[in-house]
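Labels for the chains are A, B and C, by order of writing; each one numbers its residues from 1.
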């Protein structure tokens, strides 16, 4: 729902890169409908790989539904051992798999790399008495139900960020008065109209209103300050909240080590290319590339942490 | 007067030959995809985003505006001729429009729709240029209480779509409400009525419900009635074109529809559905004379096409107000246009008007151009569209089925959508056979979840205190309108009768 | 009923909504109508059964996800009773005889297309078969002709939407051959 950006459709300026292992064909599954974040990630990968001459033949396939778990299921069923099959996914999928009790999980696929990410910001109306993370924490301690949070769907990234903040502030996450809205626009209207205390969503949803001064930033869930936003992180205000809505690419289960290495090589070259970084910048996405075993470890840690926080939020048992 | 100087400069931008080309392309594409059930302007814009980068910011925005308007009109074509709403915005158009088409007046209905789209789009765009800042304030002052009141108003007026039988209308409405609760509850994440099927844990797409109930159900119904005789569909009887008399009947519905569409467009309640419902209801309530007879006897009244069609294009323009001034998309297509802006590094919002004034006014001007293009392009083709009905019936209906399944499979990417489509087709068939109206089912499926969400969200914000519903003056005013719309005509009749009696006695 | 015309008009206006107003009923007991009533009642039971299984969650709304389903189930039950009365009294209009053959061709075509798409035969073939079956349902019996037109139409649609818009449609051997050719 965030970052509707665009994949450039540039006439292929083929630049042969001899160093890269040969991958002649690739299929990318976007486990969501056309237009959403995962679809755009898939199509950006497609256009970059093609115009950089890394993979000549790429197709994107959309399978929408249930937070990506329907696409994932189909991917695992059909593509085992197929080195040309890849799938795009992200943090939302981690939560969806847990909440839907999906019988196929991320451990059934071969993770390749984290590609992009977006940090979550907590904002308040410019007229709000809440200015800092400390103010927000105090308000929560005083009257936890009186602080209303407007954000995305229940159990989603925004909800998780809010829950983590509550935890760090010393109040029970499942008692926060979190009000899910179906799109960033609706939540934005509620915050601007003064109907809720604070808003929590990906930075891009709020960026124009922040710039215009209609919203003020209470904090951003990044580990360190971000160049595009002149506002403190939660970490530097003493609240250890680090949440990233990341997106990744993964390969099919059961491929050989050599095949995995070839794919990692191609993806790594892509992520370092100027074209890719230029694309990300126009979309307002941050390059948070993390590949191979490091990413696999990160993924495992994310799954554990998310399972815990979803239980704390009362979303799962 | 600054506004108008800027607007003229914008017009100069928009009438450059290349931009006219983009407008033309957009309107053509929009109309084409609007006709396809299931594939709408939002999906088209999404799919075209990558291609459009080479067109430049102004060019692609103009094209998207054309797609938006064209899509609204394309939806009307399939509604009127095939009784298959191409978009949710044209569900109401199908009611009277298709009845007209069945009597050989499809051309007139299409004409009323084309001019209605033009009228609604034109005046709402003008309104956009003049009162955008004011409308934004109104939209922001609406909270859950006001939205819930709007839903109540819509529900209370839905009986206009019931047709002859109240009990069957209500049954259809409840079936729609049931469809609406299938899937994940937005406020708690609870999955309802999915029976463990992962595909059902998403809310059922309204496109599937609409195409299933209308297109598939209608086709099944016709097939089940098919007896082997050479029946020729009556494509045209009398003139295809609107005459002055028709036109006069359309004027008032145009004005009312435009007003409704423009008012509701900026509100984040899902776009064009509510204003088209309300416009249809209004026209049906207010109809007198010939129109009254046509509404009551199911002959198809032109007012019932004119009003909703003006409303849906006007709401398309209204939608742009919060999009441009707040960066707040209130419909799926608007969300995709927002994406289009972002691809050029433009961030719609309060600063867009000052930082990129030329682009904003170029866009507003291009809306005028796209609108004009829509009429110029489509009116001459009405005669050809109507010819669609002269295709031999076996191939016509087989073609409709292929179109419908392509739209659904393409948009959902999963054959499971077809199973749902077949299911809704069978429900639609049974409903048709037993005289149940279809429109209330769709109204229920669209409005039910919205109403539930607003109510529960309001209760969350107010921590379980129901009083918030009656603490808002705007909401109370809306309830008053709702009551008036239901009991008003009866009271009025009683008052008139009573006064006639007193005058007679005096 | 009083003879006063004003009263009569008022009574007519405020008539209970549950009577059937059309007045074109057959007056005969209607088995199919009773079946609809039973189906509606069944639907209400399904909704209640589903809603009763939701875990209790604490929320500031004090209005959980189960309340609206209960209300809807209640409404449907009432409509089921009314439908039963309508069917008993024969308030449904007379229906034309059903052409089961045509309906079976149509439904069969859709079912076959679903199987073909799940089985990986691809959009073009599935769509062509649907076209042929549907045309057959409407009395066009020349199967090869129908199939031919269906193939032409679905290939055209595939090319248009796959290459014009970049929509992904279920692919089978035919689609892969086209993609290979056009690459």
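The criterion applied here is as follows: contacts are C-beta pairs under 8 Å (C-beta built on N, C-alpha and C of every residue); 3 or more make two chains touch, one makes a residue touch a chain.
No experiment lies behind these values; they were computed from the predicted model shown.
Enquirer: Taking touching chains as linked, do they make an open path (line), a single closed cycle (ring), a hub with spokes (star), an all-linked set (complete), or other?
Expert: Per interface graph, the chains form a complete graph.
Enquirer: Is the number of contacting C-beta pairs greater for A-C or for B-C?
Expert: Output for the comparison: B-C.
Enquirer: Taking each chain's centre as the mean of its CA atoms, which one is farthest from the centre of chain B?
Expert: Checked the centroid distances; the maximum from chain B is A.
Enquirer: Quick one: most central chain, C-alpha centroids?
Expert: So the chain nearest the centre of the shown protein is B.
Enquirer: Where the centres are mean C-alpha positions, what is the separation of chain A from chain B, in Å?
Expert: A distance of 33 Å separates the two centres.
Enquirer: For chain A and chain C, let me know how many angstrom lie between their CA-based centres, rounded off.
Expert: Here chain A and chain C have centroids separated by 38 Å.
Enquirer: Centroid of chain B to centroid of chain C, CA atoms only: how many Å?
Expert: The computed centroid separation for chain B versus chain C comes out at 21 Å.
Enquirer: Could you list which residues of chain C touch at least two other chains?
Expert: 55, 57, 60, 166-168
Enquirer: Check each residue of chain B and list the ones that touch at least two other chains.
Expert: Residues 47, 50-51, 187-188, 411, 413, 457, 460, 463 of chain B each touch two or more of the other chains.
Enquirer: For chain A, give me the residues that contact two or more of the other chains.
Expert: 34, 61-62, 145, 177
Enquirer: Would you mind writing out the residues of chain B in touch with chain C in their complex?
Expert: Checking each residue of chain B against chain C gives 39, 44, 47-48, 50-51, 164-167, 170-171, 174-175, 177-178, 181, 185, 187-188, 190, 192-193, 195, 216, 219-220, 222-228, 392-395, 397-399, 401-403, 405-406, 409-411, 413, 415, 418-419, 421-422, 425-426, 429-430, 433-435, 448, 452, 455-457, 459-460, 463-464, 490, 493-494, 497-498, 501.
Enquirer: Of all residues in chain B, which touch chain A in the complex?
Expert: Per the touch definition, chain B meets chain A at residues 42-43, 45-47, 49-54, 139-144, 184, 186-189, 191, 198-199, 201-202, 268, 322, 326-330, 335-336, 338-340, 342-345, 347-352, 411-414, 453, 457, 460-461, 463.
Enquirer: Within their complex, state which residues of chain A touch chain B.
Expert: Residues of chain A touching chain B: 3-10, 33-35, 39, 43, 47, 61-66, 69-70, 73-74, 99-100, 102, 145-146, 148, 153-155, 177, 179-183, 185-186, 188-190, 192-193, 195-196, 204, 207-209, 211-212, 214, 282-284, 315.
Enquirer: Name, in rising order, each residue of chain C that touches chain B in their complex.
Expert: 6, 9-10, 13-14, 17-22, 32-33, 36, 40, 43, 46-47, 50-51, 54-55, 57, 59-65, 68-69, 72, 75-76, 79, 82-83, 86, 92-93, 95-96, 98-100, 102-103, 105-107, 109-111, 113-114, 117-118, 123, 127, 130-140, 146, 149-150, 153-154, 157, 161, 165-170
Enquirer: Provide the residue numbers of chain A that touch chain C in the complex, in ascending order.
Expert: Chain A reaches chain C through residues 34, 57, 59-62, 145, 174-175, 177, 314, 317.
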